[in-house]
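Note that the chains are named A, B, C and D in the order they appear, and that numbering of residues resets to 1 at the start of each chain.
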Amino acid sequence: MGRHPVYRSATVLEAKEEGRDYLDLLLREPEISQTTRPGQFLMIRAWPGVDPMLPRPFDIMQADPREQTLRLFVKVEGRGTALLKSLKPGTEVKITGPLGRPIEDFSCPSMAFLVRGAGAAAVVHLAEEARARGIGVYTILSASAASRIVCRKYLEPVSTELLIATDDGSEGYEGLASDLLDDLLRRKTVDRVYTCGSRRFARHVQRLDREGRIKGFVFLEGLMACGMGDCHGCAVQKNGQGGYFLVCRDGPHFPIAEVVL
Amino acid sequence: MGRHPVYRSATVLEAKEEGRDYLDLLLREPEISQTTRPGQFLMIRAWPGVDPMLPRPFDIMQADPREQTLRLFVKVEGRGTALLKSLKPGTEVKITGPLGRPIEDFSCPSMAFLVRGAGAAAVVHLAEEARARGIGVYTILSASAASRIVCRKYLEPVSTELLIATDDGSEGYEGLASDLLDDLLRRKTVDRVYTCGSRRFARHVQRLDREGRIKGFVFLEGLMACGMGDCHGCAVQKNGQGGYFLVCRDGPHFPIAEVVL
Amino acid sequence: MIDTSVEIAGVTLPNPVLPASGTYEVDEVHAGFFSPSELGAVINKTIFMNPRPGNPPPRIWETPCGMLNAIGIPSEGLERFLADQLPRLRSLGPPVILSIAGNSLQEWQDLAAAVDRTGSVDMVELDLSCPNLEEGFIWAADEAALSRVVASVVKVTRLPVISKLSPNVRDISEMAVVAERAGTAAVSMVNSYQGMAIDIGTRKPILGNITGGLTGPAIRPLAIHGVFTTFKKITVPIIGMGGIATWQDAVEFLLAGATAVAVGTQNFVNPLTMKEVIEGIAGYVEEAGFSSVRDIIGLAQE
Amino acid sequence: MIDTSVEIAGVTLPNPVLPASGTYEVDEVHAGFFSPSELGAVINKTIFMNPRPGNPPPRIWETPCGMLNAIGIPSEGLERFLADQLPRLRSLGPPVILSIAGNSLQEWQDLAAAVDRTGSVDMVELDLSCPNLEEGFIWAADEAALSRVVASVVKVTRLPVISKLSPNVRDISEMAVVAERAGTAAVSMVNSYQGMAIDIGTRKPILGNITGGLTGPAIRPLAIHGVFTTFKKITVPIIGMGGIATWQDAVEFLLAGATAVAVGTQNFVNPLTMKEVIEGIAGYVEEAGFSSVRDIIGLAQE
């Protein structure tokens, strides 16, 4: 029963700015840190008053059951994330989690991750678990410039190979990270690709999936009110069949063939 | 023209809790600290977001034009004041002031102040100015207990005589501070009495005023939206004549005969 | 201990707090928050006769102290609902309210009759007020339409009928009177207020459906006004809702004249809200020296 | 530099931003904020024929992202207003809008005619919508009453008439159509929404007048909806308001279809708001590559 989402207070242990746009947030919370699984997220609310009203969804980048900690990686976008940025250690915040479908299927020899920006946070827990199970982990990080590469320190230790592409060539490959993926697929047997943080990459992975070259998965984001299937606000169109998935309940990761990007 | 209210950022220099309910707040602001006069107040907003929406009114307890500081004394009542309590030095807040009618008439040999709780804050600037002009200052502080006496350190240096009454007798006179006033009026020539912070004392002063024994004045509080005569929200009934005063524009201090308490 | 029960149309609710339709699923996912058996009643998200996909995204948007939604009531359709969901709702313990919406008088009647036949439902709520349907029609915003639906549903079911009213009218209390005359056993109010938001970047309406319904604390003063003015005019009980975020807010509704209260949007913000509201109301009633929640209903009227 | 001017009924406003009636006095007290000559127009707090004291306190109450007010429009009466206030308003520079309210058709006409005779006014705004009058009557909530007032005022003045509409109706866009047919030269929307709050300590309504009007950011999505739906239906210009707190909010109203915008409650929160909104709109229009504020009016409609 421990897997049910719960609503809890968590304590901010660390709120470290990374560059001017990113925040590395470490929380102490004894329950969710035990039960969360790769692919899951939480909703967080960390301000007094009714404005902003709704909690904000974030992937659980890392969970340490022994230390009872959860680590989030946050891109500052608007009002809610700006308020997260001003958090001080010791502050109590409210979180609901773990939310979303856990990723349970690790029956593959290797996985690749094609992620951009804070999208990298979505795959860290998954990469850790894959590596722990002896699965090959190929990570491709994309960013506009070297200074915008994030989560590398979390992904490097668990990656069999970590590749970097920057738009301006300030680090790694100059150009599209999807080229690196294509190259990787030529070099290695990779049968699953997870992507997050770029619609362009998602379209690329969808194409590869359609061509039968890999099984592709995408982490979707979008506006959420509840995070657990109550509000039906986070709808994403089903591919082909018509109707909608709920990102929070049916995702946040989807077989990439099944959704309209 | 420097007396017109302005809307400015101010920096929190000090936010000291006094007991569990009070806050001594020192702000740096270069303009209002020059122009404010005894009897005036400001509106302050010190939180992000739209909730709480309205700024909150506080008397300007002290203004130091050289140090460019304003000192407020705040009783924690509800949400806005709770947020003030959590202010950290260095934080920017928004203030509008000086607001309300300044007290200009010091043509009297002595004044008495009958104040309770944070009501003491309303008369500090006035007492300072009176004392500086060589006017006798008789201060009567009322509180439920010794531990709830506030603003004494600001009033003591400027008081010719400072008396204390507590409900439980834990300091000074045990009983009604208004008894102390009556006694004072028998002992000294006091022709003006300012009261703040207790409706009971205000009624007492109104009675003394009606009997012609003193000229009484009262500082009124109440809900305010704008603090400067725009919203007509802070109405207080005129005595006798019918109609309303606006506390923010016509007050916040009134000849006690003119208002319905 | 005080008596927390209230009665709506002959049905006893163990306490006056229920979810607002469409805002809290009492399913497995929610089992970690509190037991649904603690609720005053359970209710489904409004069900239509036929399956519906709902509106295209974006479906929600946050606004000052509130949110807009244009969900469009996706529905699995009556048949699947009765088979898959109703037995679970029934098994939880509290009275079961079934929220339905029809696209025609006939459909309203068919739905109500089918619900009645299940024998597993205590009350039926008519969602006469959702402003998000493609048809663009709000039954509860038209006196004649409202009256006709309520009267025809009452004819085909023995279950007490709750009419969920729309605030998008000149005077919701008058609509409550219309519903009462047509035979409703209770009214619930308010549903969402028609609103919208525009993206100044794209210069287009934000919601896929263009307009949506405003809910959350922003609307509470309006909903309280609706309940307060309606209480004077009708004799059937009111289920009050609109922006309840804390037990204090719920007490405000009870004092205004609501016999029960529903929590909607706040469930998204804090999934423990309903439990906190149940406990808070009981504590308030006790502290105020009353022996029953029923003692405080409508007290602000005097 | 872009052209910030807009036109309402033949009157050119140097920019589209004005105070909402009853929320900002352009008097000496406000001289330290910004010069009233920077405004798009100036307007008084609604004036009645005879002096009125206003409602008993409490008159205001803060609510989530909004406030309730039941001021009751205290008024010095027309005569004193024209003598003491109007010359000052006239001297400031921007077009002068005079907000009036009558208690009878005759009074509406007398007021409008008297205002016209001064020769110092550019437009007259009919406050048909204040829900706080003791009489309890909202002209703009009744099609016939609205139509009659507008038609009779139009008859007695050559000044352009702005009808200030109430959102406490089924569909404000329909009321705008009624006002247009009756001859209004512009509509302004929205006035406040009927609301109330209850003190759970005393168990009584908080406001002295029991009910009040809700304003502030809470209502913005509702007001935007009103402007957006009205724009399609009328040809006269709309002055949009309701919850504008920032220039972004004001742009939302322009995109929805407002030709000008008014700032109300936010003046209490930040007395520089109108200046910030004027600058922000100009910056937005320029950045978006348009040459005139007029270019963005109603763009979200397409």
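To be clear about the criterion, contacts are C-beta pairs under 8 Å (C-beta built on N, C-alpha and C of every residue); 3 or more make two chains touch, one makes a residue touch a chain.
Bear in mind that the values here come from a model prediction, so they are computed numbers and not experimental data.
When the partners of chain B are compared with those of chain D, the chains appearing in both lists are A, C.
Taking A-C and B-C together, the pair of chains sharing more C-beta contacts is A-C.
With centres set at the average Cα position, the gap from chain A to chain C is 36 Å.
Averaged C-alpha coordinates put the centre of chain A at 48 Å from the centre of chain D.
Chain A and chain B, compared by their mean Cα positions, are separated by 54 Å.
Shown for chain C are the residues that touch two or more other chains, namely 64-66, 216-217, 245. For chain A, the set of residues touching two or more other chains reads 50-52.
Viewed as a contact network, the protein chains are fully connected, with every chain touching every other. Chain A meets chain B in the complex at residues 47-52, 79, 83.
Listed in rising order, the residues of chain D touching chain B in the complex are 22-25, 27-33, 45, 53-62, 64-67, 69, 71, 74, 216-217, 245, 265, 267-272. Touching chain D in their complex are the following residues of chain C: 63-66, 68, 141, 168-171, 193-198, 200, 203-205, 211-212, 214, 216-222, 224-225, 228-229, 243, 245, 248, 251-252, 255-256, 284, 296, 299-300.
By the touch criterion given at the top, residues 50-51 of chain A touch chain D in their complex. By the touch criterion stated above, chain D contacts chain A in their complex at residues 64-65.
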